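Heads up, the next two complexes both have chain A, just with different partners, chain B and then chain C.
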Partner chain A sequence: MILPKGVSLQDFEAALAEFRKAVGDEWVFSSEQDVNLYRDAYSVMWGEPDEPIPSGAVAPASVEEVQAVVRIANKYKVPLYPISTGKNLGYGGSAPNMRGTLVVDLKRMNKVIEVNDKRNYCIVEPGVSYFDLYNYIQERGLKVMMDIPDPGWGSPLGNALDHGVGYTWMNYRDHFGSHCGMEVVLPDGEVMRTGMAAVEDPKGWGDNKYGFGAYVDGLFAQANFGIVTKIGFWLMPEPEHFLACKVKVQNYEDLVPLIDTVNYLEDQGIIGHPRYGSQMDPLMLMWEPQTYKPTPELLELNSRPGGATVEEYTAYARKHGVEFWNVTCNFYGPKKTVYANWEYAKEKFSAIKGATFEEMESYPLPISEANKNKMTHQVALGIPNMSVFSIGARSDMTPDPGDGHAWFAPIVPRSGEEFMKVHKVFTQMARDMNITNAPIAVTNVPQTWQYRTYVALFPVFVSRSNKELNKQTREFFKAMVLEGAKHGWTEYRAAPAFQDLVASTYSFNNNILLRFQTHLKDAADPNGIMAPGRGGIWPKRYREDKS
Partner chain B sequence: MTTRREFLQGVLAASGFALSGSALGSTLSGLAGSGAQVPVQTAVFEPEFAASAQFGAVTGRLGLQTFALEGSDITPLWTEHLMALWRERPAAIAGLTTQMPLFLLERFGWDHGLRVVFRAEHRAADDFSVRHQLEGPEPMLSVFRTLSARHDYGSCLAAVLKECPERISSSSNTALTAQSAAVPEVPLYSWVIAPRSVLTAA
Partner chain C sequence: MKKLVVISSILFGALASNGALAQGAEAAKIERGNEVFQTWCAACHAPGPGHPGTQALEYRYQGAMPGALEERNNLAPEYVKYIVRNGLFLMPFFRHVEISDTDLDALAAYLARNNPR
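Coming up: the complex of A and B.
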């Protein structure tokens, strides 16, 4: 049995007995077989002595049961780690930051409280998945569209609380930014609501985020100040038409005017999610093999640590008659408006010499079953699916066996010049450290899921059988975090193994941000039971161990 | 209701092997009636892999509902079948697939009170034979060992996977290599996902 740090076996067993009384015997999990289900399937520390495996799990079914669990945890000082659907693969999955923490599995709290398609919002519990919410909307013929990430099995609440992202329109892609009011069980077991949910008659819950006074919602995302048990989200009304069009440019340096034009169009609301691509980006070859087909020559170029040179990729593109960069622009709205916006966009992009244009997909909405099955990227219409897993698994670029990956995801200012610096820095690092288990190249494209944010993302592959590879992965990842931070590129999200390091890179004024967060933590959670270490924030009782 | 003996006879008939008068038939007769089984309702397969297609064909002829995955994508299986089924009750399913469908279905299963109670890897040993590594209840392993001497593994697994005991108190391992006309280019995995309640303390 793995015990929580600082908790005796006697106290832990007493706590488990009280958890069983609170939620029912069958909803407390302490056998090795059950606890193993909560391991991070993509852990960079798989099988290591300090892999953060939980001590057990408890699955409450209501806010009252969550409160009871939290009060028991305080009594015995058992640290807790809440999960929603626990599917945050690549960023830690369902495993806690600290080995021995008890998971609070909120999957049983799976009610859709409300979806309103006149004021365009929903209110959901943590165990509701994207599939569940989509079905709820479809079954009732409600005229709203979700913004979703790739795999549909995640939780809108859980995803938002890890700053998760999506694929549709402007601010909706920022899932935490689109939330509106929450209900939280605090570390002392009290229930708090925020925004208009804090009003006795919370009929405005889904409308206004702020209500009045200090806005505390951010304390519950990528942090450890409570267990969120309900959350509101703003939803987009279902538009009348969807149009996806591609712009192609020929030269590496065209990335600069391409990004400038995209920013101009997106920030004034002409286009939705701009999806960048390159025929030679090793990550695109993994994600969209139906569009980006690897040749043996290209696989050789991409197999080198850090990939090939700009000149070599340019020569490859010329030889094969393909563009260097492309961007797919999505348009939503009435049909005449979306086509007018596309005409306008083409005018602007035409300033880039050699730019070409292609209309990819055009569908009236609500989308027919036939069109839905034709769509290359269903998430652009908020249709949840699991295809990202099968696509990746079949790609020649994915290692065999495929044991998963950790996402390296630094935020980069939205300029082509800056992205070219990213290419230079990280490809050189890959060469210097001889890294071959990450698809890094000067053809990597910016990921634009979160509105007004570019992320220079790539996976670093892990292994369940090769501890030496995982050690190298951890060292490389840490080196990249530190090097990126020197350039102002810091992570927007990270697996628990790296959260302390990532938090330390927000270092202005001697890490005052983390010091302030820690100060609040000590006040709100004096027993240090709520998700120790999440977001790099440690309670006093465990902080002293680390110093 | 089909008896176990009738079921095993059906497997052999479906795979083109006549039961009566054979030593194998006698062996199979001896296997019949050894306890209650978990009712596996759905068999999942990937038609582009010969052994998996064979598994799908045989399980279909044996009366299981079958579901073909195209390109290993489980989305239609989940949205059109399992999501509603598992919301209602934790019904057992079985499959012979690539790794990713098992990985995903195992996790979906956890959320609905199910566990993988049998799993096996089937990997090319050379151009003509397959290395099988199985983990699960001994009765299932025993049926596989017996049948695989005479039948390709897609058909064998159709019989094995439907023989999952209703109560499982322990798990065994076995490994063997057998000739096959369906050597897979990538490893395939056979599995049974069943209600957690079938797992009992030893």
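Coming up: the complex of A and C.
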């Protein structure tokens, strides 16, 4: 049996008994078999003594039950770790930061409170998934469009609280940025609401983020100041038409003017999410197997640590008649407008010598079932699916699949020059450290979800049976975090095993940002029961253990 | 003798009725299993492109058997239950708040419905 650090067996059992009274016997899980279902299936620590396996789990069904759980936890000093749908795979899954923390599983709190398609917002509970919200909207014929991440089984609330991102229009892609008001159970068990939700009869919960006073919502994302039990989001009204067009450029160096042009178009609202691609990017070959097909020659180039050289990929592209880079631009709006915007975009892209253009998809909205089924990127219209799990699944690219991955995801400024530096630095590291379990190459494309910055994303594959591989993965990951930080590229999100390290890279003025959060933590959570270690923030009782 | 026939008829009727009930219960279980599959499994394991579980299994079996789980006729219920609670490669395990033991029995029965009996 795994106990929470600093909690006696007697106290833990007394706490479990009280949790059972609060939420019902069947919603408290403490047997090894049941608790194991809360391990991180993609853990880089799998089977090791420090793997953050919880001590148990409790699944409340209401905010009142969450309050009861938090109060009991305070009484017995049992550390808690809230999860929403528990599907944050690659960034920690359903497991806590610290071994022995008890998971508060909010999946049973699965009500869509409201969707308003006149003022374009929704209010949801943590256990609602993107699939659930989409179905709710479709069944009622509501004229709003969600912005969603790749895996549809995630929680809008949980995703936003880990700064998750999506694929449609500008600000909607930043899921925390597009939230509007929340309800939180604080570490002492009190319920607080923020923004316009903080008034007695909230009429503007989903409309106005700030209300009056300090904006504290950020304390509940990638941090440990409470359990969020309801949240509002701004939604995009469903446009009349969707158009997706591809621009192809021929040379590695064309990435610079390509990015500059896309930025110009995107920042004035001409295009939505730009989706960069390369026929030779080892990650895209896994991600979009229907679009990008490997040849034996390409598999060989990509099998080398850090991939091949720019010259070798250029020669491959010429030989096979494929472009070096492409970008799919998504247009949303009235049909006349989106086509006019595409014409304008083509004029701008034409400044790049050799650029070619292709109209990919054009659909009136609401989309028909037939068009939906043939869409290349359903996420561009907020249609949840699970196709992203082709990354690392058995294929020509991955004939011997691993057991998951940890996402390496540093933030990079939106410039071609900077992204080429990313290529240089990380491919060299892969060569130096002989890394072949990560798709790293100079053909990696920027991920543009965040709207104003890029993420230089790639997965590092892990194993549930090969501890040596996981050790190498951790060492490589940590080295990349530190090397990236030297260049100003720090992570936007990371699995718990790396959160202390990532927090340490936000190091201005002797890590004052983390020191300030720690100061607040000690005031707001004196018993240190709320998600110890989340975001690199440790309560006093466990800081003393760590030192 | 007449009395014996009457008793036999009653017994036979009861057995037949129990059989029909059992069949009805099995059909309901399979129907529930179908719902569980559509909710939790289909996004990865339905037929066609965009379903990574199906793609991975098609690659693995190379035509020897279908990649789409609903088309299989050799999935042992105990195997299905084991994989759902233990995961396999990229597929994570599922918690009780997602798929209860009762729903898991139904799911396993649904995926085994085509197995030879």
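Definition applied: the second predicted complex is superposed on the first by the 540 of 547 C-alpha atoms of A that agree within 3 Å, B and C clash if a C-alpha of one lies under 4 Å from a C-alpha of the other, contacts with A are read in each partner's own complex, and residues count from 1 in each chain.
Operating definition for what follows: contacts are C-beta pairs under 8 Å (C-beta built on N, C-alpha and C of every residue); 3 or more make two chains touch, one makes a residue touch a chain.
Every value quoted in this text rests on a predicted model; they were computed, and no experiment measured them.
A.B. asks: With everything superposed onto chain A, say whether chain B and chain C fit together or clash.
C.D. replies: clash
A.B. asks: Classify the contacts of A:S368 with the two partner chains as first (chain B alone), second (chain C alone), both, or neither.
C.D. replies: Touch status of A:S368: no partner.
A.B. asks: First (chain B), second (chain C), both or neither: which does A:Y42 touch?
C.D. replies: second
A.B. asks: Name the contact category of A:S350: first (chain B only), second (chain C only), both, or neither.
C.D. replies: It touches nothing on chain B or chain C.
A.B. asks: Quick check on the superposed pair: does A:F29 touch chain B, chain C, both, or neither? Answer first, second, both or neither.
C.D. replies: second
A.B. asks: For A:P289 in the superposed arrangement: first (chain B), second (chain C), both or neither?
C.D. replies: second
A.B. asks: In this superposed model, does chain C or chain B come into contact with more residues of chain A?
C.D. replies: For chain A, the partner with the higher number of touched residues is C.
A.B. asks: By the touch definition at the top of the document, which applies to A:Q138: first (chain B), second (chain C), both, or neither?
C.D. replies: neither
A.B. asks: By the touch definition at the top of the document, which applies to A:N208: first (chain B), second (chain C), both, or neither?
C.D. replies: Touch partners of A:N208: none, neither chain B nor chain C.
A.B. asks: Would you please give the residues of chain A that touch chain B in one complex and also touch chain C in the other complex?
C.D. replies: 33, 37, 41, 87, 107, 131, 152-153, 385-387, 389-390, 393-394, 401-402
A.B. asks: Can you check the complex and tell me which residues of chain C touch chain A?
C.D. replies: 43-44, 49-53, 55-57, 59-60, 85, 87, 89-90, 92-98
A.B. asks: Quick one: in the complex, what on chain A touches chain B?
C.D. replies: It comes out as residues 33, 37, 41, 85, 87, 107, 131, 135, 152-153, 385-387, 389-391, 393-394, 400-402.
A.B. asks: Quick check: in the complex, which residue numbers of chain A touch chain C?
C.D. replies: My answer: residues 27, 29, 33-34, 36-38, 41-42, 57, 59, 86-87, 89, 93-94, 105, 107-108, 131, 152-153, 289-290, 378, 384-390, 392-396, 401-404.
A.B. asks: So in the complex, the part of chain B that touches chain A is made up of which residues?
C.D. replies: Residues 69, 71-75, 78-79, 83, 98-101, 103-104, 107-108, 110-111, 115, 186, 199 of chain B touch chain A in their complex.
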